[in-house]
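Have a look at the structure that comes next, please.
Per-chain numbering from 1; labels A, B, C and D assigned in written order.
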């Protein structure tokens, strides 16, 4: 997409685009920005924080940026519903990459503040929910103050000239992602890895316009779809899922969402194992598209965990090729 | 298949082959021969009665004849199992036409015999089962004598020189199909339409070698398959049927048959609505063939009842073409 | 059923009835009679050959006999379709036992006849189909003469006073089951085990009235059903099969049969693994009966091969009991 | 649960509990509070705003409150993921009622401020995403300032003594739900119904402990479940959905969620049509519970839209009763 960074030949482990300008769900220092930093080339590119997922995706559609990073699942700072809804309607978009970010929190304060001094803590409400157990144990009696994002609770302490202070903020310490401290080393870290669940991971996607080059198949891929359900009746969803099952295509995520315009009509946001270049995926997509002609393809892209997709022999490309050849021969008789 | 009789261009209502020599499950005068007489050109062709279904089909495979007519369903004189088993193994064969024959019986005897004189009746045991109700009412106390076929019970009365007698046969009257009387008008008909079920119909097929020209699609077609089931487990059959259901393909007949070599392994003999030239059928066949690579195609041919196959819009050829075009466009991105 | 022959208490491995009078598809010496001889108590009971399957089953319904043995699958002498159709309509019947009979043939002739003397052979046409390969190799140029049953071809040689002759019969030798020779040792066996497929087995069932005691579960059982299909549409059969699959119930036989009264309407004759006393079978039957209120239960009975039915843990009786208890507790809240 | 309001007999349109103390996802003035106000008795009860969904649900579990209102779908202020995750683990909870709240926004400012004076607007980021179109048209060039909730942007203008001012807040106007204005009429409404999508609705649930009385069936009910998926393989989800489909139970919402402890394992949060007292629902729950023994029941409760659930005749209670009676009779034979 972008000649300026294309000096490096893209390898199979580097399917990302070469965009110069990226939007992300801001502000700076959020987990979304941490996700963006995993996109090849992004650390050296122009990265623009946006107020909302729709704003970030609008910037892609309007060609203000080349691509955007937005949350797709389990985000600690919200936005998942907005992403699901936004990519499902309006001008088409394409997912080029998925990015997993471990959810780690640090407790930060101005220099000199000790852990036992902390009486009030600020962060995003979702983050607070994830460190509540730690706080009750380590900061008994602490008061919580909401902030619009995790980063905001820390950034608000900075005066921009190297000074750190909580004066006038109404709280003693903030909880944010480690990336904020990397950027602002003047922040003092009072405690690390304070999440109640150390395994927590959140998932983001890099979204571009449909003319972006689709990542090549790697054997460990995902495909994302939007399937509007035309009717609210028993078995309708099943009929769609059978299109996947009869080709041995596994679902890795499914979410029904009410369409905004008609209460009671739904669409399904679905991730499946495999790449549209895999015969079993292409064949399943044909089946789904026949049943739901408004089905939208959001992209095929490598799995972030690189876990190879196991395919039964009778759903392999070889099986499709042989079966198609058999039928074609018969049809020619 | 045969240039000698191909002076007439075949139309949609005349998909049959132009064979010179036909085998059929004999002897002469059976319902199978009545079925053969419905094949275009057959009344003027050489028609050879065979002792068994395997013998009739062997004659096709060995090119002794061009095609054979054998029972496929509900035959009053048996042979269905033999047909199912025989076409499922050995050299491949093709069904070119299905033929429905109403099951009508006539009671025949030598001239001068009256209905009230009949004390013993002979016919095929299956035929006897179908007229038993009539016989109990109209021939109280009658004794039944088995015959190897319906025709045999009548033909045995003929001396070949125009004479009709039951002397030495051990019975007074025979029960056969009306076609025997058409050929041998010297037989006296004592009663017509004596079947207990006047709606009964039996189904036959015209079978040829795989190099025969496949009948063109008519919009009212059937396709016959043999699907060997590789494993005896819950859901295995379901997995195959879902390949049909996900393409909107209706089953019109299904029969599981134990394979002869391994008790407990099964194959399925299946008829479906539609022609292999229909996209939904071709797509379903691909799916079945992937799961069961030994799946055998027995042919696509017009339904004998000419009843048009109704296809939901999303399973129509147009839906397949649009969906395939959509996927192909995406794959090209 | 009958105390007169029940001196021995029936154990789990001996579920058969204690009937005094049995009907079977005759004549004497058929494979059906061989099947009947496997029924506990039958060798000492009165056994009545009948001309047809409907006649044998009518004798049960009319209480002329206590039970009947008829073919259910793959019978070398036909009758399967008649059995399927007859048990599916009219007064209800119950299958109490299934019986497997190996298909073995012997070639018999009068004393003094040598194998090389045999020019013409008679037997049932289906039997002839199964020894055709042997005959072509061992009796080159032999001529076939149809007989109404395998036994008939042999029994016709007997004069009833110990003499054996083919004079006036029109053939030199017959092909029948070994049981005929056991009963008539005056027949000379020219060749044994002449079936082209040495593994062939045919399946029979013992049928009684619904008031017969149902065989207790053994862990290796079958259940037979008749399921009329109310409508000829894609997925209708699938809907029924899913009732079995969702309870882990395996199908071991399925056959669609046109109903006699309306061409195009079908019923399904189905055998499933398991006993109606198994929770998963009872639950599946409930589901099928809801969809097809005319579903007919033909009985639960031990598998002839005694092969234990493997059941996944989540389809076991224990799983049903736990799940039902969970739901019942919730409903009581 | 609450004697104080129990003088009135509860009717079908009033299934809610009679709790004295309610928690809700705060602060005051949010859409969650608007949902709580629809709970019978709640306007007169003690209603306690909580910082997070987990905090609100913990208050229920710890018996600090009788019940809590939290978002379940499409919430404009987030919290849905937290609700899904929280009710799925830990001590069991029960949903007693679902509540729909139309998403309506008003633009509020201190008295005297005119629409054309507004240069900066504050609200929750998700709310901003939903009025962005209106803002671009009616407030060209406006700057957005995030707030932790919609209510917070308005409440911050109040001095608690009837005064309204934006001094020191960094913005000129706030966007909140109409309920804030009802409570604080001193706020001036500059614009009403400014949502880009006038049909938007968000869904909340009233959650209590499992000993709460389950709402009686009304014919227009929902049931919520948590189904942990034991394995990540093709068809696993399908197997569960077939348990619903074979009983004619419709899904109205489905969402897969990664479990927090093992990346790659999923659970499904599912809403279905019908009440556990409906036979088809109880039967489906049994099936799901057998396959996934950790399945969790979250409650059966009336649909907020009162839309009656249509049930095919063969999935009605009457069909279940008849089928069960048929099977029970057979088992007794």
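The working rule: contacts are C-beta pairs under 8 Å (C-beta built on N, C-alpha and C of every residue); 3 or more make two chains touch, one makes a residue touch a chain.
Since we're looking at a predicted model, the values are computed, not measured.
Student: Quickly list, by label, the chains bordering both chain B and chain C.
Tutor: none
Student: Starting from the mean Cα coordinates of chain A and chain D, work out the distance between those two points in Å.
Tutor: 24
Student: Whole-Å distance, chain A centre to chain C centre, using C-alpha means?
Tutor: Chain A and chain C have C-alpha centres separated by 62 Å.
Student: Chain B: which residues touch two or more other chains?
Tutor: 242, 245
Student: Could you tell me which shape the graph of touching chains takes: line, ring, star, complete or other?
Tutor: Its topology is that of a ring.
Student: On the basis of the stated criterion, which chains touch which? Give every pair.
Tutor: A-B, A-D, B-C, C-D
Student: Going by the contact rule at the top, pick out the chain C residues touching chain B in the complex.
Tutor: Residue list for chain C touching chain B: 51-55, 73-75, 78-82, 100, 125-126, 128-129, 132, 144, 146-149, 152, 197, 199-201, 232-235, 237-238, 241-242, 244-245, 248-258, 260-264, 266, 268, 273, 305, 307.
Student: Taking the complex as given, what residues does chain B use to touch chain A?
Tutor: 210-211, 213-214, 239, 242-243, 245-247, 276-277, 282-283, 285-287, 289-291, 293, 297, 314-315, 319-320, 322-324, 326-327, 330-331, 333
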